[in-house]
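Below you'll find the structures, each written out as structure tokens.
Common to both upcoming complexes is subunit A, partnered first by subunit B, then by subunit C.
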Partner chain A sequence: MSELTERIMEISGADPRKCMKCGKCTAACPVAGEMDIKPHQFASCLAKGQSDLLLSSNTLHKCLSCFACVERCPRDVRPGRLIDAVRQCVVRARGQAFLTPEEIPELLDDELPQQLLVSAFRRYRR
Partner chain B sequence: MKFSYYPGCTLKNKAKDLDRYARACAAALGIELIEPDDWQCCGGVYPLGKDEIAPKLAAVRVLADAAEQGNQLVTVCSACHHVLKRVNDDMKNDADTRERANRYMDLQRPYTGQTGVLHLLEVLRDRVGFDTLKEKVVNPLTGKKIGAYYGCLLLRPGDVMTLDDPENPRVMEDLIRALGAEPVVYPYRNECCGGYVSLGDKELTGRMCDRILESAVGFGAQMLLTACPLCMYNLRAHSDLPVYYFTELLAEALGVKEAAQ
Partner chain C sequence: MQKIGVFVCHCGTNIAATVDVLRVVEAAAKEPGVVHAQDYPYMCSEAGQALIASAIRDKGLTGIVVCSCSPRMHEATFRKCAERAGLNPYMVEIANIREHCSWIHKDMEEATQKAIILARAAIAKVHLNTPLAAGHSQVTKRALVIGGGIAGIQTALDIAEAGYPVDIVEKNPSIGGRMAQLDKTFPTLDCSACILTPKMVEAAAHPNIRIFTYSEVERVTGFVGDFTVDIRKHARSVDMDKCTGCGLCQEKCPSRKTPDEFNRALGTRSAIYTPFAQAIPNVPVIDREHCIKFKTGKCGLCQTVCAAGAIDYTQSDEIVSEKYGAIVVATGFDTIKLDRFGEYAYDQSKDVITSLELERIMNAAGPTGGHLERLSDGRMPREMVFIQCVGSRCSDGRGKSYCSKICCMYTAKHAMLIRDKYPDVNVTVFYIDVRTPGKNFDEFYRRAVEQYGVNYIKGQVGKVAPLPDGRLRVSGSDLIDGKAVEITADMVVLATAIEPDPSARRLASMLTASIDTNDFLTEAHPKLRPVESPTAGVYLSGVSQGPKDIPETVSQAGACAAKVIGLLAKDRLTTNPCTAHSDQLLCNGCSACANVCPYGAISYEQREVNDHGVRGERRIAVVNNALCQGCGACTVTCPSGAMDLQGFSNRQLIAEVDAICR
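After this line comes the complex of A and B, so read on.
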């Protein structure tokens, strides 16, 4: 197993090798249609040791951490956690954040709740 | 009935209504909500990485404070409730998180997840009881067809949140019934609104909200009910269908809405 795969398993606490490729996670995912690598493919890439492929996937930006996939997975693979762990491997590296404070002012509007800013910073930046 | 109460950052700012109506309703129902002197933002989302400690500490502090007071901890914001319940579950069941957090914080007494965390919906259902609530309604919302919007944060993961059946919840429908209105059950009520993705990708969250709204309207909803400021923001950006905090309609039915304003 590659160092990266090990790291992803450590951060997520989930084991992609338990996946039976049933596709329930992708069927449950409300944004699977927008992802270049779908939740079930995340699990299978990791199980096959192709974790490098995932680092540049648009799934890291699309996943909502809504846990629909986690709720439906019969094998407790927790794809939403795997995706977040890959995202963390990327954003934890310096200079790799998906969101910078400089971008914030132009994203604001009068109704925007504080919760949105703190949540986005938590997911997109370390 | 007395609880520690964690409002969270958004309820002090953009979602003041969610907070002020919750307090007014609690008072009307004989529930005392005690806000701790010192609390910090919970972070809005639960930190998913197993090795993350720092982003959980704000939640641990308020949980430990409630334990010191001997109270259960009540929240009304879906996101705060989600974070507090999941961090509490880690403090109870994950030895690594528990030990590292305790070592870092040097609390008077170790915190091991002993505080019960409750959403106000759970208090209404399990402590007040919907039958009792119904008796306290002075302005029944008769004739209103209301769709409950749960989203993701209140329900999932079901084994930790334990608020309701994550695939077929009913607590908000039962609340709507207790208030004298008619609940509209529609398939997308527990689908995510797009959450934090709306900061950078409003088109994506727009498509998700459209699906939810179409589903609700298609089944006859005249308005939606939510417990989450971010759900409200995302849904409102995409339709004229009125979206209310559950505390606002509760306050209206209990006859305390005007006074709370």
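After this line comes the complex of A and C, so read on.
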């Protein structure tokens, strides 16, 4: 397993090998039509160690982080978190950190999943 | 003149929604001889049967017609009901206005007309019915199990445990069957031999079980409860009583080049051999085709070294004739031949193997001592590819249209075992679907993927091409990613379809048991009588009936034993009185009927006949009522009209046709 794949799995805490290729994540995704690598293919690429492909995928930008895929995945593969983890790897590689610790408190909302917040900031503050 | 009662059933809405039941009652009431006609929502219910019984008693009915479902469903119910009310059960006729009418028609007018016609035909038949009496036949309290694999062994053990004697006939030199060839078993990965051999020993030691190995069923006559079976015991050339099983003969035998069947011909064996170390009985046989003594007359080394003096070159085949009450078919399976699947290069490379061959390679007692290696050069493979559905689910005529059912699980098992023992070996599985219904089965397959990192690719393989360096180029497709995949593999394993053992077909015709287009034995009912053949007294166990794994086979073997025990527990059986008989004044002894009788029930005798005052000896057909199944083939074949069937006489059938055409 490549270092990158290992890092993605570590950050996301998800195991792409659990995927049984049912396609429910892609079926649940509101923007899958615009993605070059669909959520289910994301999991499959990772499982096969083809994580390099993912770094340049437009999926990182198209994904809304709505986590419908995470919610509905019958195998707990959590594709949305995999996508987010790849995003994080890209951001880190560029030496960019879009969020400062001081900014966090005022953004917090009890209703919002924390990951969504973090993920959204990575997407919009470019 | 008969006094006939007609009872028309609604079957809820099954009949009444399409057939105007009241009009059928009205029409039937007008038929000659009908003195009573009525309808009821469920004639088979207790209340419905009470109606029939009271009508029989109150109106003194001599015959009844029930317009309802198929006679296969409730003929027995209504016959019993009539009998309880004092009417001969064979004075009951069923007009099938459900399966043959309401279920297949949409138009109510048409369906009602047809129901009336069917009722009329049945009434016409009842006019000619005569009371018949069922006879009885004895039950031989001994069962025969054909096939000594896990199915046969388990069936025999269960019958024997109930206290009935059982014989097992196995064509190979040892019992054990396919299961003895397997390395590990899914989904628990316990060693196949470790769980099978105790059962083999138990069967061999059981006081109620006799085992005939190296033997085949040669002839079957008789019928349920009273079969006579000739068993050919092939000459073993070794005295079973004297042999101590020391194995010295096999060690010294100079003929060692015979392909070893037990190892799927991946290795060789001696001409005198036991198929495997735990064979039961542990007595070798001499394969006369390959024995130097039998081929050239010289050698005789085994006889020289045998301290027990057990070797006997003069032995000949022996026929044992035995009576049985029930026969169980447990003939098992083999893998299909792959000559029509050239794309997998099975014949071109030694490193393309079947899964059963891999079982032998993985087994410590196998040709490689349990070490995973390429058969071409003995090197360890680094890249292994498994291909599923090879010849299964294949309706192009090359393979089998059915799913072989066991391949998904054993492929997961192989992949897992290899990844466990040799973590450096990459394993890829090409599949169409992964089918794992069964307790702990899907979890097992997921473990292969998640825990052992087996790479499952959804898509089939188009071609396996041997490369100049001896490796294999596997061209497949990944349908999830929508890409073509190419893998250079060291070994390719084919999950080859299974088919019934070739002996099943011949056996089925001996038993007059029906088989399907794939040569699997047919059940009496696919859901409700799954372990019985339509031929009474014949039972089905294991893969001879359809693909199944070990847990399912063992369950079915137990079910089969329960049915056999149920039969053997009876002291006598009621026979069907609807059998054929010949009219000695019409019969001219032409033999046409005997030639078409599938049950061998017709023989001939010379009999003195008084034909209108002219006395003379004639050759007359005689039907054995115990053997006759009432199929009627003889009655339509007989050129002189001498053959007739009780309960379905020519006159009765013509009367029905007349009534329909009226």
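Here is the rule we use: the second predicted complex is superposed on the first by the 94 of 126 C-alpha atoms of A that agree within 3 Å, B and C clash if a C-alpha of one lies under 4 Å from a C-alpha of the other, contacts with A are read in each partner's own complex, and residues count from 1 in each chain.
Rule of thumb we're sticking to: a contact is a pair of C-beta atoms (placed from the backbone, for glycine too) under 8 Å apart; a residue touches a chain by one contact, two chains touch by 3 or more.
It should be emphasised that the depicted structure is a prediction, and the values quoted were computed from it without experimental measurement.
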Next on the checklist: By the touch definition at the top of the document, which applies to A:Ser44: first (subunit B), second (subunit C), both, or neither?
Outcome noted: second
Next on the checklist: Looking at A:Glu111, would you say it contacts subunit B, subunit C, both, or neither? Reply first, second, both or neither.
Outcome noted: first
Checklist entry - Which holds for A:Lys21: it touches subunit B only (first), subunit C only (second), both, or neither? => result second
Item to check | subunit A residues touched - subunit C or subunit B, whichever exceeds | outcome: B
Item to check | Touched partner set for A:Ala68, first subunit B, second subunit C, both or neither | outcome: first
Next on the checklist: Taking the superposition on A as described, I'd like to know which of subunit B and subunit C A:Ser12 touches: first, second, both or neither.
Outcome noted: first
Next on the checklist: Once chain A of both complexes is superposed, is A:Ser119 in touch with subunit B (first), subunit C (second), both, or neither?
Outcome noted: first
Checklist entry - Is A:Ala85 contacted by the first partner subunit B, the second partner subunit C, both or neither? => result first
Item to check | Shared contact residues on subunit A - subunit B and subunit C | outcome: none
Next on the checklist: Help me check something: in the complex, which residues belonging to subunit A touch subunit B?
Outcome noted: 10-13, 30-31, 34, 61-62, 64-68, 70-71, 80-81, 84-85, 88, 98-99, 107, 111-120, 122-123
Item to check | Sites on subunit A touched by subunit C in the complex | outcome: 15, 17-18, 20-21, 40-41, 44-45, 47-48
Next on the checklist: Looking at the complex, which residues from subunit B come into contact with subunit A?
Outcome noted: 8-10, 13-15, 41, 43-45, 47-51, 55, 77, 79, 152, 156-158, 166-167, 191-192, 194-201, 204, 208, 211, 229-230, 232-233, 236-237
Item to check | subunit A-facing residues of subunit C, complex | outcome: 446, 449-450, 453, 455, 458, 480-481
